[in-house]
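Labels run A, B, C and D following the written order; every chain starts at residue 1.
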């Protein structure tokens, strides 16, 4: 095993910062893993890249992501740019035999994602679509309960991801409002996390029907255009930029095992800030979760004595799977950083062991297929089968 | 104004008990209303009817509902029998010029309900489909906020009605599991209340898509067959009786005003007992409610100062619309009885004033149209328009 | 057994209304109990008394409570007047051999209450101090768990009763602000309920220390003086009336069994409406409750598997003790009325059977002793033993 | 300004790990602060110290804390050892002119703490008692509301810190159960945080009354004795070690401004894991908080329109004070790490600017005075004034 792995971070925004600091503190939690050397951080401008290098502890900065990937001392490429650049960078990194982490959604279309998954399989490297929320202790405990059979056969799943950041009047256009840059709107940005949880906890989705709505059809041109892909700048010509993605997306679906599911993703749910929420009901019990109270898992066992049966509020901590690596006291609170630490720890472990992670590009592609079927259904108002098969996916 | 109105209660089960005691205590809350004389209660057996008369304070009992309705001293007929007898009894009562209260759903099909609504319009009497939950103080406050414009234009509505009573293995068949008696399963039984709230708070529904599932396909023959319609007894021949209605029903829909909606109704949500829940998000705020905490309304105003914005938990009481008739202290708790008192008070007031109520048979028919479109969609997997038009409905 | 018992209601305010309607609907819930004939209702003015008789269904009204009690056809006297008249009326009723229900606190001082308890024991009738909150299904389930040993030995109890009705500026003086009429302020008015729960669930209190505060020292003279005792009218001379009772009361105490307790009662807790709340922690588990969510009991069992341990939210209904008499569906909600029905049902049953109720005058006296020790401690800043002994009390 | 400050971490346990990683990631959040060079980490054994150095990124390790402090390249000494060694190490560091961070409680007695505060004032360095919980975004928002006058004059404060880790039978003795090592039990360990919040939000405490209980009087001798102070090993002679501190502590107190307060700290509250909870009611509103839902602040404004008044659940994020340094989306969750980052950031800023922090040793001493008065009151059962005066304290 290499004692140190070289990292190139492509992007220095919020996610670049977050992934960087998670890599920085990995050794505090997983003493057995190889150390990650933060070698180079890339952004579109020298200023941004060099500011990132300084703040996040990289040896160097660059505006040339290809050159950064080419370096011999780079083992891992972490892609935290807007969605429309994911594919190009990831495929280049795969072609160079690098291990690749990519923010979700990994591509703009299912076809692109499938091609990425195919190239990843050829490259025999570790790939990861960064579905970090499933790494939360409460959700890992939920998965443990499902795997134990504690809730029996799954019957219904309801997934919500509600935010309200898009509501303020006059909020400028940004790349998350453009189909060319983002692929979809609330569906890909946040709904994809809820779908990831659906697949993780219940299994493959076989067919979907969907509807979407764009609440605000155009937005003021942003003063500064911070997207990675400079070609998008063309849209700055006018004062208002059209919003051509969904602000709200709703869907119903069937899982391959017969369970029924619903999905709601919106940026217009006043008062909901990061409300990633699910409830899974099975023949022997239920589990429920809400990210805004991410330290809690709700679990009801139908085998508890009837007069004292009810949802248990489990305050998570060291007793949950993976929790032993964090704080010794339950309820002290693990939140966002810890999910990043866990997923990057899983990734580095897979690199060390020549293994793979749960949310590899094949999984990312599978989620993309589901979303694409939903977008098609929102257009033609029909039920759509989800392409691909269980055997193609490493989901769950 | 008559100082006293004569009541015939058709059915002496749980709902018969509940409506009877609500009528009994009406004067404590509405001193201005005519008193209701509980003249006769009807059930299939002498024993049940006479037990009901004794326990609920009726002057007499009977097993002949036609004779009871025929009586000159009967002004109001209250139908609290299984769904398959609603239409016949209601139409008879209308033909005799009586005011009619009918439990929901008022009929087994939309065509039946539409015919009932037509006859009700002809009869020029007061009719009511007993959608009691909307009479809860929290929901009346929600309606007030919507009408004030406090949440702006509605964008999304999510309605849930989750129970788990059907889960225990070996639970015997009852009329709620039979299409002939109940029309539908969870959809009509509980989902109808969530749809009532959707229409009440947001407006007419224009189109729907749905899916349903029957989790347990057959159930043990019940030892005693307590349904009102004796022809159903034929199914007792075997030890297991098929369940031919939905245990779970999910739907998406569009409101006429463009808002998006989802519905989930299930009898298999372990740990959820009477979880009638909704969230309505609009352009200026949101409201949310859950019957299991029926004293609370959640309300978020997007115009609150940003750093102290959030859902307010309003503990309801005398300040909410209609609450001045109940307890002087907020939070003392109003629950199920109070909704019955309120809806029957509204009904008696309409009888007194020659007016009408919000949830008349036209409204009941409208809800039935929505449900029938959902059942059709669950069969043919297509979006279905909802027949009828806003002008036909007195909804909201 | 008499098939009917005659009732005299002394007071026609909120509590008179509430008790009256609970008596009215008793037969719906307890078919086996004697019926209660509402014979006479008493108030200070003819108008109030006769309005009460009409609204609540009494055969007659009166302004002479002694005459009403004297009547041969009166078996039960229900006292729902301000606190300062409780003793005189109750002692008169006892002297006439009537069964007596009295709102809490039953007296202004512990000595008065002890004398009432002594007279009650002599009279060999059924007496009841109306601590209705303990009749809530959630609290009855809590008691069942404690009695089963489910939480082991009690260690700590925290009781809160928080309201905010006294906060609005300019709120007029009423009898609840006067020591002569009310005995104490928040302590007796609401704190007494929390103390009742402490004694019910944990056992006798042996010593206390306390502090109190009067936030608003005087209040505007009320326009109409609605108190029962006309001598209080003297204070109307000036425009401001002094508040000589506690607005907030806090206490610590020790139970006889060694458990530690705290109490907080206040009328100045902004946002808390009827927040009667407790948490009881024992060596094997905990229970917690809040009246504002009165349909829920929280229960944590330390013997649940460690990784899925947590407070269970039990949604109460027919499975809880006494719940079989109410609605067939858990979570449908029982609230305030149901506690009144239950306590009055218990009372009538005791009358029928020649038994007694949990909260008889001896119990009421015991609670009064605790409160008096607290008021003394608030004065002299010392720990005070609670007079009397366990054997004198029928508590729990 | 120095561009880099040298750090000596004294202790490599949980807190050593936590503080170390907070220092490591400081630059991600506060680009303007000097960097912290992790120069040396100290523990009792070579193995522990060197493991810490490796895992947490220190240049060197040591078992000699005096030598570590003596080094010229050390600017900051961070003391995260058991309580009984705090004073000796802190006073040595002060004598060498180093800036000192010390875990709370900073000393075993009030006299010791006062002496430490005196030496700190002489030394003209930055000192900090590590009351990290107040750095939570929700609590900083609470402080902002209090300072704005949003809740008016404070009336009552209830502080709880409930855990249940001490409940399992057979749990071995550790230093937190010994008075010689810990000073007190639940009071100092966790109650001190609740007291810190009381003083922060309401102001100085003038007098207290208290009671305590030791639930389990002795505990099995631990197999390995991991405490820092080796003299404690003497107690290993027998198989059971006495517990001579409080398992539960309750107190009432008065603030200098007249507000009333209560405190409850326990290690025996089954189901409560890290339940640091407070409610502060004032003349114009209330705020409430619970660490187990640390992303939420509850706030009720008495000036909201009466029918839509209620506690707002504020989901915290970038709009709260200091939140702009963390994640861009509210509700993404800040928890334990973020409080450590904030408090260490505040400390480094004070070092840079020659300023001070809110929770300096004078503040730590003030909290110690309150606790000592409580422990004395638990012994002699009297109200105790809190020594010192507002002018001596920098609290709030």
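Descriptive notes on the structure:
To be clear about the criterion, contacts are C-beta pairs under 8 Å (C-beta built on N, C-alpha and C of every residue); 3 or more make two chains touch, one makes a residue touch a chain.
All figures in this text were calculated on a predicted structure; none of them were measured in a lab.
With steps allowed only between chains in touch, the distance from chain B over to chain C comes to 1. Comparing the centres of all chains, each the average of its CA atoms, the largest separation from chain C belongs to A. Chain pair with the larger contact count among A-B and A-C is A-B, by C-beta pairs in contact. Centre-to-centre separation of chain A and chain C, using mean CA positions: 55 Å. Measuring from the averaged C-alpha position of chain A to that of chain B gives a distance of 42 Å. Residues of chain A in contact with at least two other chains: 272, 296, 301, 309-311, 315.
Of all residues in chain D, those touching chain A in their complex are 14, 17-18, 20-21, 24-25, 27-28, 31, 51, 54-57, 163, 165, 272-275, 291-296, 315, 317, 327-338. By the touch criterion stated above, chain C contacts chain A in their complex at residues 141, 144-145, 150, 296, 299, 301, 304, 306-315, 319-320. Touching chain D in their complex are the following residues of chain C: 151, 155-156, 158, 160, 162, 164, 167, 209, 211, 213, 215, 248, 250-252, 254, 258, 260, 262, 264, 266, 268-272, 279, 281-286, 300-302, 309-311, 381-383.
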